[in-house]
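Each of the two complexes below includes subunit A, the first together with subunit B, the second together with subunit C.
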Partner chain A sequence: MRGLAVIYVQQFKVTMASFIQYRAALVIWLIGHVLEPLIYLVVWSTVTRSTGGSVGGFTAADFAAYFIVLMIVNHMTYTWIMYEYEYRVRQGTLSPDLLRPVHPIHSDIADNLTSKMITLPGMLAIAVSLGFIFRPVLHPVPWALAAFVPVVLLAFLVRFFVEWTLALAAFWTIRTSALNQMYYMAMLFFSGQIAPLELLPHPLRAIAFVLPFRWTIGFPTELLIGRLTPAQALTGVGMQLAWLAVGLLLMRVVWRAGLKAYTAVGA
Partner chain B sequence: MRFLRLLFVFWRVGILGELSYRSNFFFHLLESVLELGTALAGLAVVFSYTSTLAGWRPDEIVALVGIYFLVSGAIRMVIQPSMERLIEGVHEGTLDFTLTKPADAQLLVSIQRVEIWNITDIALGAGVLTVALVRLGANVEVREAAAFAAALVAGGIIVYSFWLMLATLAFWFVRVENMLQIFSSMYEAGRWPVSFYPRWLRFMLTFLIPVAFATTVPAQALAGRLTWQTLAGAFALAAGLAVVSRVFWRIGVRRYSSASS
Partner chain C sequence: MATSSAVQIRDLHKTYIVPEREGGVRAALASLVRRRKQEVRAVDGISFDLSPGEIVGFLGPNGAGKTTTLKMLSGLLHPTAGELKVLGYVPWKRDRDFLRQITLVMGQRNQLVWDIPPIDSFDLNRAVYRVPPADYRRTLDELTELLELGPLLKKPVRNLSLGERMKCEMAAALLHRPQVVFLDEPTIGLDVTMQRRIRGFIAEYNRRHGATVLLTSHYMADVVALCRRVIIIHHGRLLFDGDLANLVERFTAHKTIVVALGDCGADLSSYGEVVSCTDGNVTLRVPKAETARVTGRLLADFPVMDLTVEDPPIEEVIDRVFREEHS
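Up next, the complex of A and B:
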């Protein structure tokens, strides 16, 4: 355990140093993370204006709360590992990582957390300024606020394990961009990023219930803005735990199989 | 004529190069279809709650999505790869070879790389646009079609000049790839009419990063909602930016000292 803590602290320093080198890359991610929810916030506000005030129980202020919180949740849980693994495998930079005495996922988690510690204050500042522009109305419930912390942590872990496992597809094919695209498009739709899932037609909502996306983005968002009953929240946590178990299991199986397929190109 | 011949030669080389990776075509197609499918599905959800959106009818927004894919396909096929190559050339000093060729250097750098498989976006965009136009049917007359074509040309010139200016910054700052990335991510906003956005964002999307002229203005032309003032404004901006970017490029080239020497 202490060994791991040292590794996390060390990775924190490395990431900090490389952040100072590559600030621009983080800013670009930030723009994407702000723009996407902002676009749909604007679109749905326009819809409420066209229909005279409310859409499926959402007013313009509800949409503002939903998409601003979603922006933060998405930012807290995102990973860029799927873009990075293909490069690691193709260039063989994975090889030295394999020689280290710890599982390489630890340095990835530490790297991810560090860069979020750097960007999150900026994100919160943006959220506050968007709040002044779009006037969101939240209905915070104390138990939901308390539950949000573990829920968003679970959401982060689920997303991390699922995306880390998918990233391992790079062991078998270097054409991961089509796979990534498929994943992101499904996520856009079934996580609630295009519209709150309540507004989707029924069959799609059923699909969203089974897939992991809702539990990593839409669910924490709905919880925080106070749209869930305690029973719904418990169901959500149950689904998160189920996906966490599936993600962990898949990660181990795929990682073992992937290592056998890895031929260390370039090394 | 010489321009067309050069264009043809570069494209042929580009196509020949990419023909060795034929399966890429299917992967590009898959990615384009997925992106388009998600965009249209999003529209379907929105329009299941309302029949018009701030005065825009569903088919007009579908036409806008078609234009968005068409323009972004063109950017990704020619402009973006060529400009990335230009930045690389400044960085590594390989721009020397371009500058010594007996043709206009701005032209050469602008068409030097063609990633032909992005043509899937152009084809799908054109297809969606056509379907939307057929469904809009009688509402689009010759006048509107002409205004659309004109707006699209102006938008294309504006986008190209803007990219050229961004890439030209490489002569001063060398590493400017990230700025190109910022344009690409802001371009997303062009999938919807810019009139939806709050005023500060609309201003940004019109003048700071000219997304509005590439997508919204042509779509307005199709919907018969384009005033001649806007069209004239688009052309004035296109002409202005074309000249400014040309001058800027010349100043930049004069600063170029070649990395290898």
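Up next, the complex of A and C:
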């Protein structure tokens, strides 16, 4: 365990040093994470105003709170691993990682966490500025505030393991962009990124409940803005833990099978 | 299997399944519906052992199966069939204790992080390989001295020249003092001076730490300088395994005689095959058994200023090995 902690510390330093080399890229990445929820926020605010002040129980101020918090949650849980793996397997850059006496997933976790640490202050500053423009109303409850941090961490882990496992499809198909695109579309719809899931018709909500997407973005967002009861929150954490277990299990199985199929092309 | 070997390979096979199709749009469309697959036997039943501390040259033309074998030895690829052990471990199981004792350096591949100075990547390797701080400092000092890394350690990797980067790659790969070192074209693309330095370094590392080294290279100078033993493969099969000297002995039917006569006037075709004549130096190719007799006749018949008898260059010998395999 101590050995792993030392590796993480070193990996943090390396990632930090690499990221800082590319400040402009960091800013562009951040802008991307802001623009998407901002577009939905503007759309829904406009819809709300034109329908007399509220849509499905959401006022303009509620939408503002929802999308600003969602923006932060998405940023905290986002991973780029699915795009990265295709490159790694195609170009064979995975090979040096496989030669090391440590599971390659650790450097990915460290990489992702470091990038979030670097960009989080910028993201929070943007959220505050958007708050002045869109005037969100949150209904924070102390227990929900306290639960938010572990819930976001769980959300990150669920998203990370699910996406890491899907990324391993690269071992078999080498080109995974199509799969990534499908995943991304499902994510957009069922995670609550386009609209709060409360606004979806019942069958779709039921599907969203079973799939992992909601538990990585929509659920932490709903928790922080105060739209969940303690029972709903507990159910949510239960679903997160269940998906974490499924993700971990799948990852182990797929990883083993993937290594067998790995042809180490190019390297 | 003998347990004292550092590397043991028995009847090793690796078959790749690769899609294949004819060129052109029609074939491309047809391949949408039905994919044709072809089996490629990259490694087709090779066996050999390496003793601890040996430096062995692993030779063969492009596509012979060298890199595939190295990848199986270092645990990157699962063999299709056969037995394989390195330091007593089965490589593809990727046991951590195994990975801590080996390294694979690929001349065209890098493990250093591109945007930061090598010293930061070294530090990461120290943590990953759990090298105790005192050992790390000692090894780093030693590598810095042997490879003259001093001025390079703090420059971002992307600002280093190819040769400088290769030296740093070498250092990164050896910081954990591996017992078994697999080198795949470590001098590719480097200038002669840098090749010589890397070569000297490999010999010195082997001498100091008694590491077993298996080396592929297209530069025969690397092989001649470093390896007493060579293993040659072609089409995934073993063609030769033995002393470099024996290889030359076995596969060369001719010797080269260079006679300095001062001019190119004389006709020497009755003494052997005249390869060239430049600046009055005539180069003759003669059957090995004839060498002594031809040399004596030349010295008796001509006012010879100088005469040398040489084996053909090693490249030529290896080329002959491959051609004989074909015929």
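The rule we apply is simple: the second predicted complex is superposed on the first by the 267 of 267 C-alpha atoms of A that agree within 3 Å, B and C clash if a C-alpha of one lies under 4 Å from a C-alpha of the other, contacts with A are read in each partner's own complex, and residues count from 1 in each chain.
Throughout what follows, contacts are C-beta pairs under 8 Å (C-beta built on N, C-alpha and C of every residue); 3 or more make two chains touch, one makes a residue touch a chain.
Everything quoted here is computed from the prediction, not taken from an experiment.
When the two complexes are overlaid on subunit A, subunit B and subunit C sit side by side with no clash. Within the superposed three-chain model, A:21 lies in touch with subunit C and out of touch with subunit B [touch as defined at top]. Once chain A of one complex is fitted onto chain A of the other, the partner contacts of A:10 are limited to subunit C, with no touch recorded for subunit B. Of the two partner chains, subunit C is the only one that A:92 touches; subunit B does not reach it.
By the touch criterion stated above, A:100 is placed in contact with subunit C alone, subunit B being left untouched.
In the superposition on chain A, no contact is made by A:128 with either subunit B or subunit C. In the superposition on chain A, contact of A:194 is made with subunit B only, not with subunit C.
When the two complexes are overlaid on their common chain A, residue A:263 makes contact with subunit C while staying clear of subunit B. The larger set of touched subunit A residues comes from B, when the choice is between subunit B and subunit C. Closest contact between subunit B and subunit C, by C-alpha atoms in the overlaid model: 5 Å. In the superposition on chain A, no subunit A position is in contact with subunit B in one complex as well as with subunit C in the other. Within the complex formed with subunit B, the subunit A residues making contact are 24-25, 27-28, 31-32, 35-36, 38-39, 42-44, 46-47, 49-51, 55-56, 133, 175, 177-178, 181-182, 185, 188-189, 194-195, 199-201. The touching residues of subunit B, counted against subunit A in their complex, run 27, 30-31, 34-35, 37-38, 41-42, 45-46, 48-50, 52-54, 178, 181-182, 185-186, 188-189, 191-192, 196-198, 201. Considering their complex, residues 3, 6-7, 9-11, 13-14, 17-18, 21-22, 92-93, 95-96, 98-102, 259-260, 262-264, 267 of subunit A touch subunit C.
Within the complex formed with subunit A, the subunit C residues making contact are 16, 71, 74-78, 92, 94, 96-97, 99-100, 102-104, 106, 108-111, 113-116, 120-121, 123-124, 126-130, 156.
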